[in-house]
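The following pair of complexes shares a single chain, chain A, combined with chain B in the former and chain C in the latter.
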Partner chain A sequence: MKLIAVKGLFGGAGTTTITANLANAMRRRKHPVVALDLCATNSLRLHFGMPIGDPRGLFRSGRLVDDLREAAFETDNGLIYLPHGEIDEPLDRAAIDGILGGLYELLQRFESPQQLIVFIDVPNSESTILNWLTSHAEIMLHVLTPEPRAYPALRYFSRITWPQIQHQGLRHSLLLNQCAPHLELSRDIADLLRRELDPHLLVPKFIQRDQHIPEALATQQTTFDFTIGAQANVEFAAIAEWLEERLEVLE
Partner chain B sequence: MKSIWRIHTTASTAEDIQRLQTQVKRLAVEYHEVVETDRIQSIRKRWRLFAEPVAQQELNGGAEST
Partner chain C sequence: MRWFMQLREQWREVRRKQSRLSTAFYLFWLYLEVAMLNSRASEQFDHADQRLRLNYWFPHVNFQRPRWLDPIRLALQAVWLLLFETQQERADGLTQRNTDRTSILQRLNPWHHRRLATKPVQFATSGFERFFSTLLSREWIPSQTIRILITVGAALLVALVISIPMDATDQGLMLLFFWALALWVRNLQGRIPMLLMVLLSVIVSTRYLFWRVTQTINWDVPFDAALGILLLVAESYAWLILVLGYIQTVWPLERRVAQLPADLSLWPSVDVYIPSYNEPLSVVRSTVVAATAMDWPKDRLNIYVLDDGKRPDFKEFCEEIGVGYIVRADNSHAKAGNLNHALTITAGDYITIFDCDHIPSRGFLQLTVGWFFQDPKLALVQTPHHFFSADPFERNLSVFRSRPNEGELFYGLIQDGNDMWNASFFCGSCAILKRGPLEEVGGIAVETVTEDAHTALKLHRLGYNSAYLNIPLAAGLATESLSAHIGQRIRWARGMAQIFRLDNPLRGKGLNWGQRICYANAMLYFLNGIPRTIFLLAPLAFLLLHSYIVFAPAVMIAMYAIPHLIHANLANSRAQGNYRHSFWAEMYETVLAWYILRPTTVALFAPKHGKFNVTAKGGTIERDYFDLNISLPYLILIGLSLIGAGFGVYSLFFGPRDELLTVTLNLFWITYNLFILGGALAVAEEAKQVRASHRIRVDRSISIMTASEHSYAAELIDFASSGAGIRFYDELPLAPGDSIHVVMHHGTTRHGFPARVVSMRGLTIGVRFEFPDSAAERAFLRATFARADAWVGWRFNETKDQPLSSLREILGIGFRGYQNLAVRLAPPLAPVLGLINRGWGVIMSVLPQAPGTGEEDESLGV
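This part shows the complex of A and B:
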């Protein structure tokens, strides 16, 4: 089982959208894929058509479900998604470690778990989850957008977060999202970041700002399902191909 | 521990820029690299927030930005 954690450097960087669309792009390349939502905002499911009022998911009443069949849903093309589930109060931090261990065991019960690729929407503020993923994930994608707040966020990330998320076997990459080359400030910051950041850490493809992406969410679909002609589809497919190479899995 | 920053000498003074450009030309680095250096300098001048390279601060031991 290969876990790919998708985490934002700051709120609103687009992690949920990227998790949903990369999972879909990878599924379109015929891999067994699970999209897992660990964010209490419970938004990932909305990209896969789940009604906003549906409370079902992995976490109900502050505990993990006993059987994934209670919480797993399947899209038309066979992608499995695991919504977080609606909760009434934040999960007890002390219990989160046990919950994550239990979740890992449940995922192992999938058919051919060794081939399973799990995309995880990671919350920004929950260090327990981040610590757990540091020792279990294969790839951690850090999403940032080329805007002024990226600069102080990267400085904090470099000094505080980066040393804490080093683990043998875990590879990190930075993914630029919502690039708008037609806007001077966005273009300048993207160029600056490409210049300043280690090129080996940057995902070689980036995602441009594309109005099809919010429109797809508004219609509760992935971008590809919303319209085949979106530029974003090409970019998600290219990143999925890049991930295949990193994970050494063939299409 | 690997740094997240590109490891390179960042030009911060006119002398640095001149020295780097001379090195670049001497090593026959492709033309677009020279243009890129100029472009980064113009970005730093245009936007105050990006005037100082963060990477350089980190590599220097986390000195505070002024």
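This part shows the complex of A and C:
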């Protein structure tokens, strides 16, 4: 089982959308894929068409479901997604570790779990979840957008977060989202980041600003289902291919 | 019952689009295909194996639209497939000789059995291939003395082979053996087999010339002797050029890029000169902006526009984008004088020169300067002149980017061969020179009209080295019309002849023998006007004047001359085939012959005479027209040849019997000449060219962003300095007049360029760019013309020359020339010619075709 954690460097970087669409792109490349939502906002499911009022999901009244069959849903093309579930109050921090362990157990019960690729939408502020993922995930994608606030965020990241999330076997990559090639500021910041960051740290592909992405969410679809010709699909596919190489799984 | 329902359903589906007959035909073939080739619809969809489709085996039959001659096509193709080995099968046979997987078709094939018989030959071939490849890698002659002895022995043997007299039969046998040898090693890899072919060609040609000199001049008839000597001189010239050409190109250096020092502070300062005289700003603009976008430390890169036209709009433009602008008081010595004047004003360590239409790619300096660090005596690095527009040959014969063009031989091979002898020379543009040596020789040479080659010669004489980097790093416009092309070549020819007189490379100090030979060949080559005209007229001497200019029995002529031609062709095809296909040189040279004849002769006798003319570029040709002025000399030659051919045919029937063979030989020769001259006519038929800026066809993934910030994946299909053509994968909500951003990569950056949709056709749109500032324009050039890999893949290193199909092509072009002429002279003939063409097309369409060459048939959507 290969876990890919998708985490924002700051709020609103677009992690949920990227999780949903990357999972979909990977699924289109014929891998067994699970999209897992650990954010309490419970919005990942909306990309796959689940009605917003549906409370089902991994967590029910503060605790993990016993059987994933209660929480797992499948899209038309066979992608399995696990919504977070509606909760009334935040999860007990002390219990999260155990809950995640239980979740891992449950995922192992899938058919041929060693080939499973799990995309996880990770909340920004939960250090417990982050710690657990540090020792379990293969790749952690840190999403950022080329705008001025990327700078203080990267500073904080390198000073505070980076030392915490170092772990043997876990690879980190920074993924640029919402690049606007027609705007000078966006272009310049992207150029600057590319020049200053370690080239191995940056995902070689990036995601261009594309109005199709929010519109797809508004109609509760992935961008691929929404508009086949959207540039975003080309990029999600390219990143999926790149991930394939890094995970050493062939199509 | 179910299959019947299915059949009915399919019938209805197809009937929606086609008539009853076609539907029956189509379904018949479809079921046959399924039954015979065991193909499945799913496999067809994925193109898993093309060989499971009837279309693959019968590429010239459209099974959806039957035609009346299809039964004949099918029958001929089936017989052909059964009896003969296709090229694909041959290739497969070469790669997997020992496989047991032979298909039924192959097993029925008699060639399959023949292959068993050729086993020993194959064994010998592979043995020799190994032998040839090890020859290169080890020192197989131990001492210098033995080496000299072997060389002397071999030279004596060659001299014997060249000079030994033989009768027709012996001569024929020997040359058959040589020919077999050449054909045998023709497909072997490596340079040693090529050397062997070149050696054979030299031996056979020298033997021919030796025989010609010693035995074929009839001294008893003064008139014949005079004409005979004239032809002999022309043939000696051709022989000399052949041999010098072999020496020049037999071992190209294939120089690679040299690394620059990692320490940026060591990189030298470079002045970029862009001389201009009368070219419009629209042409020069891209070059200047792209020069500013070259990857080099900004404080050490200075760009200067050297404007001999002294135009205010140029001055304004240069100030606007911040490059130097240099004018001078007079225009003495044209381009050379212009460059020399700038040399006194600027101070960079190196001088890079771009003609004003040669757009440099961003990597030009980084890829060329490295060699100066490797070799302190290096004074010049030249790169190829690459053209992104079609030259008159390519345009008028519609062969743009499908055949190696005229310049390809020089820039692809000859300069690389020159480099081996440290004799690659300066070509006036796309080169970088070291200031010190350049000033030492007094700047750019001004004595001749080809200042570039002469400057390089002077540098070589002082012991400096030159280098040639065979990577297109800049691209420009080809000459726009045949007359402009000829004008340019007249200048080169005149200049080379001038250098030959004023500063003969065979004499004087400082050059090694390789350099002398390379320079001499470059200059002698342009003297081909007289010899070529002689060859065009020579058969007339016999046919019209009944003069025996080659005084020998026709059989002997055939026995000596034909092997000479065949070997020269085989060796040239092997050595140069990737850069110029066989027989094309004949046409290129014939077109020029008449025009360079006079200026080169004048320059040889009065080298100081003659002036510089500027080559016009970037223009348009409003409509098709036939350049009668250019073709007049060829029309006269054609007229004479036709009269000669008429007499020849007459004497074939009514002439003396003993001259029959001689007449036939001359008729062959004159027919060939007529076809080549027809080619010259075809080139003079100027095809229209209406776009002011040239569009470069590409196929590259890009994206566009609409005003609403929707991004769509798209394909860039062509671009020019001001616009682009874009194709989408799906219908888009766009209309002409809409503003969009075209997003392209340059390096790792993506840049969106504002543009307006100007046209829409289906999934394709045309846009015009609206750059807000010169920075955007620079970025655009970096993403297009100046991309480091912009011109990669334009050359023809993979297309193999096939002499016979090349000959067929040239004959076709010649024929087209006459057709065009006939239509010009007598327009009512047009429908007749159209009918002939159609008939020919039908005949050709019936002949068998190689499997898998058909176009993808449109799907019926069943």
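Here, the second predicted complex is superposed on the first by the 251 of 251 C-alpha atoms of A that agree within 3 Å, B and C clash if a C-alpha of one lies under 4 Å from a C-alpha of the other, contacts with A are read in each partner's own complex, and residues count from 1 in each chain.
The definition used in the following text is that contacts are C-beta pairs under 8 Å (C-beta built on N, C-alpha and C of every residue); 3 or more make two chains touch, one makes a residue touch a chain.
These figures come from a predicted structure and were not determined experimentally.
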Worksheet item: Given the touch rule stated above, what does A:211 touch, chain B (first), chain C (second), both, or neither?
Response: second
Item to complete: With the two complexes superposed on chain A, say which partner A:174 touches: chain B (first), chain C (second), both, or neither.
Response: first
Worksheet item: Is A:191 in contact with chain B, with chain C, with both, or with neither (first, second, both, neither)?
Response: both
Item to complete: Identify the partner contact of A:158: answer first if only chain B is touched, second if only chain C is, both if each is, neither if none is.
Response: first
Worksheet item: Once the shared chain is lined up, is A:166 touching chain B (first), chain C (second), both, or neither of them?
Response: first
Item to complete: Report for A:69: first if it touches chain B alone, second if chain C alone, otherwise both or neither.
Response: neither
Worksheet item: Is A:148 touching the first partner chain B, the second partner chain C, both, or neither of them?
Response: first
Discussion item. Please report the chain A residues shared by its interface with chain B and its interface with chain C.
Written reply: 191
Worksheet, complete the sentence: Counting only contacts in the complex, chain A reaches chain C at residues 179-183, 187, 190-191, 194, 206, 208-212, 228-234
Item to complete: Spell out the residues on chain C that touch chain A in their complex, using ranges where they run on.
Response: 701, 703, 705, 708-713, 728-730, 732, 741, 743, 748-752, 754
Fill in: Residues of chain A defined as touching chain B within the complex
148, 151, 154-155, 157-159, 162-163, 166, 172, 174, 185, 188-189, 191-192, 195-199, 201
Discussion item. Which residues of chain B touch chain A once you look at their complex with the stated criterion?
Written reply: 1-7, 36, 39-40, 43-44, 46-47, 49-50, 53-55, 57-58, 62
